[in-house]
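Sharing a structure, written as structure tokens. Questions coming.
Just so it is clear, A, B, C and D label the chains in written order, and each chain counts residues from 1 on its own.
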Amino acid sequence: MKAPVVLKSGKNFYLVSEFSGELHTHKGIIRLEELKEKDFGDTIRTHLGVEFKILPFRASDFFRLFKKAPTPVMPKDIGMVIAHAGLQPDSLIFDAGTGSGVTAAYFAYFNKYGEVVTVEKRPEFAKVARENFRMAGLKNIHQIVGDAVSIADCFKKEFDLVFLDMKNDVEMVPKAHSMLRQAGFLAIYNPYIEQTRAVYEKMLDAGFKDVEAFEAIKVNLEFKRVGTRPFVNIFHTGYIVMGRKV
Amino acid sequence: MKAPVVLKSGKNFYLVSEFSGELHTHKGIIRLEELKEKDFGDTIRTHLGVEFKILPFRASDFFRLFKKAPTPVMPKDIGMVIAHAGLQPDSLIFDAGTGSGVTAAYFAYFNKYGEVVTVEKRPEFAKVARENFRMAGLKNIHQIVGDAVSIADCFKKEFDLVFLDMKNDVEMVPKAHSMLRQAGFLAIYNPYIEQTRAVYEKMLDAGFKDVEAFEAIKVNLEFKRVGTRPFVNIFHTGYIVMGRKV
Amino acid sequence: MKAPVVLKSGKNFYLVSEFSGELHTHKGIIRLEELKEKDFGDTIRTHLGVEFKILPFRASDFFRLFKKAPTPVMPKDIGMVIAHAGLQPDSLIFDAGTGSGVTAAYFAYFNKYGEVVTVEKRPEFAKVARENFRMAGLKNIHQIVGDAVSIADCFKKEFDLVFLDMKNDVEMVPKAHSMLRQAGFLAIYNPYIEQTRAVYEKMLDAGFKDVEAFEAIKVNLEFKRVGTRPFVNIFHTGYIVMGRKV
Amino acid sequence: MKAPVVLKSGKNFYLVSEFSGELHTHKGIIRLEELKEKDFGDTIRTHLGVEFKILPFRASDFFRLFKKAPTPVMPKDIGMVIAHAGLQPDSLIFDAGTGSGVTAAYFAYFNKYGEVVTVEKRPEFAKVARENFRMAGLKNIHQIVGDAVSIADCFKKEFDLVFLDMKNDVEMVPKAHSMLRQAGFLAIYNPYIEQTRAVYEKMLDAGFKDVEAFEAIKVNLEFKRVGTRPFVNIFHTGYIVMGRKV
């Protein structure tokens, strides 16, 4: 068993990235060296005797365990991008607007045999993301602190997927077109309708094909003794505009 | 450039799995040998002079180009499963209810460095799927024609993900629990609410954790000169119930 | 029993506005004089012996039986306006953009002890609407053929509800404010988001309070032997912006 | 100007049913006799000098100002029932499951020239409703404290609309059929899917036609400086099953 691992007790989750030192939980202290002799599915006890299950770290944990920026892209949205792009796990991905790193980490995880280049302008966010990537043990992320629009010209026809979650996304569209391999995808995330329209139209201008704008609404079913009913936690997160360089 | 490739002209798409013989399209005949000297992004002409663009085959093409069963699982739904399970590309996946093979093909594509075992009871569907997998050039799918419930006992704690789109899904739940590795996921797809509730409750009984039932509704934005408005092609496809073996 | 009545056989409906002459249906000819001796709930036969049930004409029949303009406002949307405005049945209503008259007819029906003034620029639509109102036997609709924006100044603080489904709705907003009684409501219907925003902002400028923009999505449940699932016939029709003169 | 009136200051609303005594608000005390000389649209001041606008009481205020039971039927749902039934304002309505009286009050308000009979089993709810009706000045509501199923047999073919929001709704369905006039409507409100299916099937059994089950989802648009986005306050409230006695 190798780090990172997740320790779970009820609704509480902790991410452990090294098997040394102590972890102070709300239910007592765990000596992390003990993890060395354990296996996934085993339990470990705090000094108060509370048991935690040991689980492998999964992509779905990024959302729960990362230090987050105000509006992270959610798993449902990343799943839509991956499925519609038909992402293969040995791709080269460009992610502009690292934020806290949730999206880059998701991509790096699925794209395990490829690489992710992520760019963030604001050093304070880049720092949070760097720590998140380190905790998650992800080695295939290359972080750049800088302006994606300026940096874009350094890359030529190399990327399989460009993902944008950044302010200047309209300006970035033609540069993304240059950066993509033949048949590569551009996906742009945006919470607002006007900006979504602006990038949609810029993508058509820039020559992208099969351009589509959509959102994914996750509707849960609640099963109670008295009956079943739908519920929604967050109705709208953001729109995704996707197109292909053909 | 290697097969399979996709030939695209406007809204018409053709999947080419061998670079020999002729392809009869609605816009004329293409001599497929010519593809040997071409590259992605090049064009090829029919005997009528109509041009087709040459594109790599992507997961998103399964849905468009496969011979389909009546109600295939859609990309949005597969994206939700992949994102929520945090699938890694070197996993072992069990897929029960092959149907026409769309789901298994998607999984095989993302899970490029892993394997997919897919089981189908009805030989006529298995045959369609086999042909689809061959056309798509997927080597990491293992097809079994038989009853998933009976076969399940042959596998022990080996799978990272079990996906069910089959009639006897309730009966299959405890067997799926036995087949999964620690921290593996079970995902069950079902169009109807009553059956969704039945598998949800069976999953709780069988000891799955973090069990959740949901659907993903894809809402598109249409950008016309006169204004923007939302539209939906298909509101409801199916519910997904997911849980984790912890 | 008085006209208008509705004759129903299976999925076929006919609106009868006079008890004289013949009605040629797909299932044979009905002599309408026979209706004079009948009552609601009775049946009447065609010369081929097919039975039709005799029903009173209801607001819900406008949508089915009227000659329609391309995008009529639907019952769900009219219901939202009536409920949110708290319409009383002795109100004075101004309806601009008569179209085929579905909305005016609905209002006239609920507002049985009040009056509806409806304005339409295009004489050909006004003519269709006039015929529809006559067929429905509605006496409390006053039709004006002309430009709502110009006519507006003739009315002063008299209306309880102003409803707009017209091109120049932004221009009409301040005039609507002048036309409304204290605590009256303005409701504006618009299929597109940009125009919806424009009227929303104009309403705030014009001094309307409690301004809100929304749509109503009708999700049906389909109950089949094999199970229950949601379905949607038309996802998006239009947005409604409502505000109150306070 | 006659009671009831609504006093509004910003987001605060008060319902005043008599023009005597004092009203203690969060912004000071109002002497209600002063209202006798005022008109709608005027303002009245508290002893602290804070101004309140005087507004007529509207149906939309029931939802805001009534003492409420746990899950009141919302305006959007009542609007759907009124629009789909094509309710006329001189109808006879039967409302079973008074609760806090929101629905009965709405019906009484629209149905100003008709009557509403409302039945509630639990005396404590009936008492809250009675007080609400008195405050709202509604004279055309007849309250019965008792069991709707037992009482139903006392009424024969008299009602234009029967509305049920009660536990024993399935049992009530055939009785509702007997109580309705020819072409009258039954509408049943239910938060849960299983119960919705049960009443739907019972309505078909009982001979109702054009039976339909649906919910109305209200999606708002939020217009911010940075852009427009949809939001939903409450996704699911309840399903409505409607059918007609033909």
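We take it that a residue touches a chain if its C-beta (ideal position, glycine included) is under 8 Å from a C-beta of that chain, and two chains touch if they have at least 3 such contacts.
Not measured: the values here are computed from a predicted model.
Trainee: How much rotation, in degrees rounded to the nearest 5, is required to superimpose chain A onto chain B on the basis of Cα coordinates?
Mentor: 180
Trainee: Shared interface numbers for chain C and chain D above half of all numbers used, same, or below, different?
Mentor: Homomeric contact, same residues on both sides for the most part.
Trainee: For chain C and chain D, what's the span in angstrom between their mean Cα positions?
Mentor: Centre-to-centre distance between chain C and chain D: 22 Å.
Trainee: Using the average of all C-alpha atoms in each chain as its centre, how far is it in Å between chain B and chain D?
Mentor: Centres of chain B and chain D (C-alpha means) sit 48 Å apart.
Trainee: At least two other chains touched by the same residue of chain A: list those residues.
Mentor: Within chain A, the residues that touch at least two other chains are 193, 219, 228, 230.
Trainee: What does chain B use to touch chain C in their complex?
Mentor: 191-195, 219, 224, 226-232, 235-236
Trainee: Mind listing the chain C positions that touch chain D in their complex?
Mentor: Residues 8, 39-41, 53, 55-56, 58-61, 75-76, 78-90, 106, 109-113, 181-183, 193, 196-197, 200-201, 212-221, 223, 228, 239, 246.
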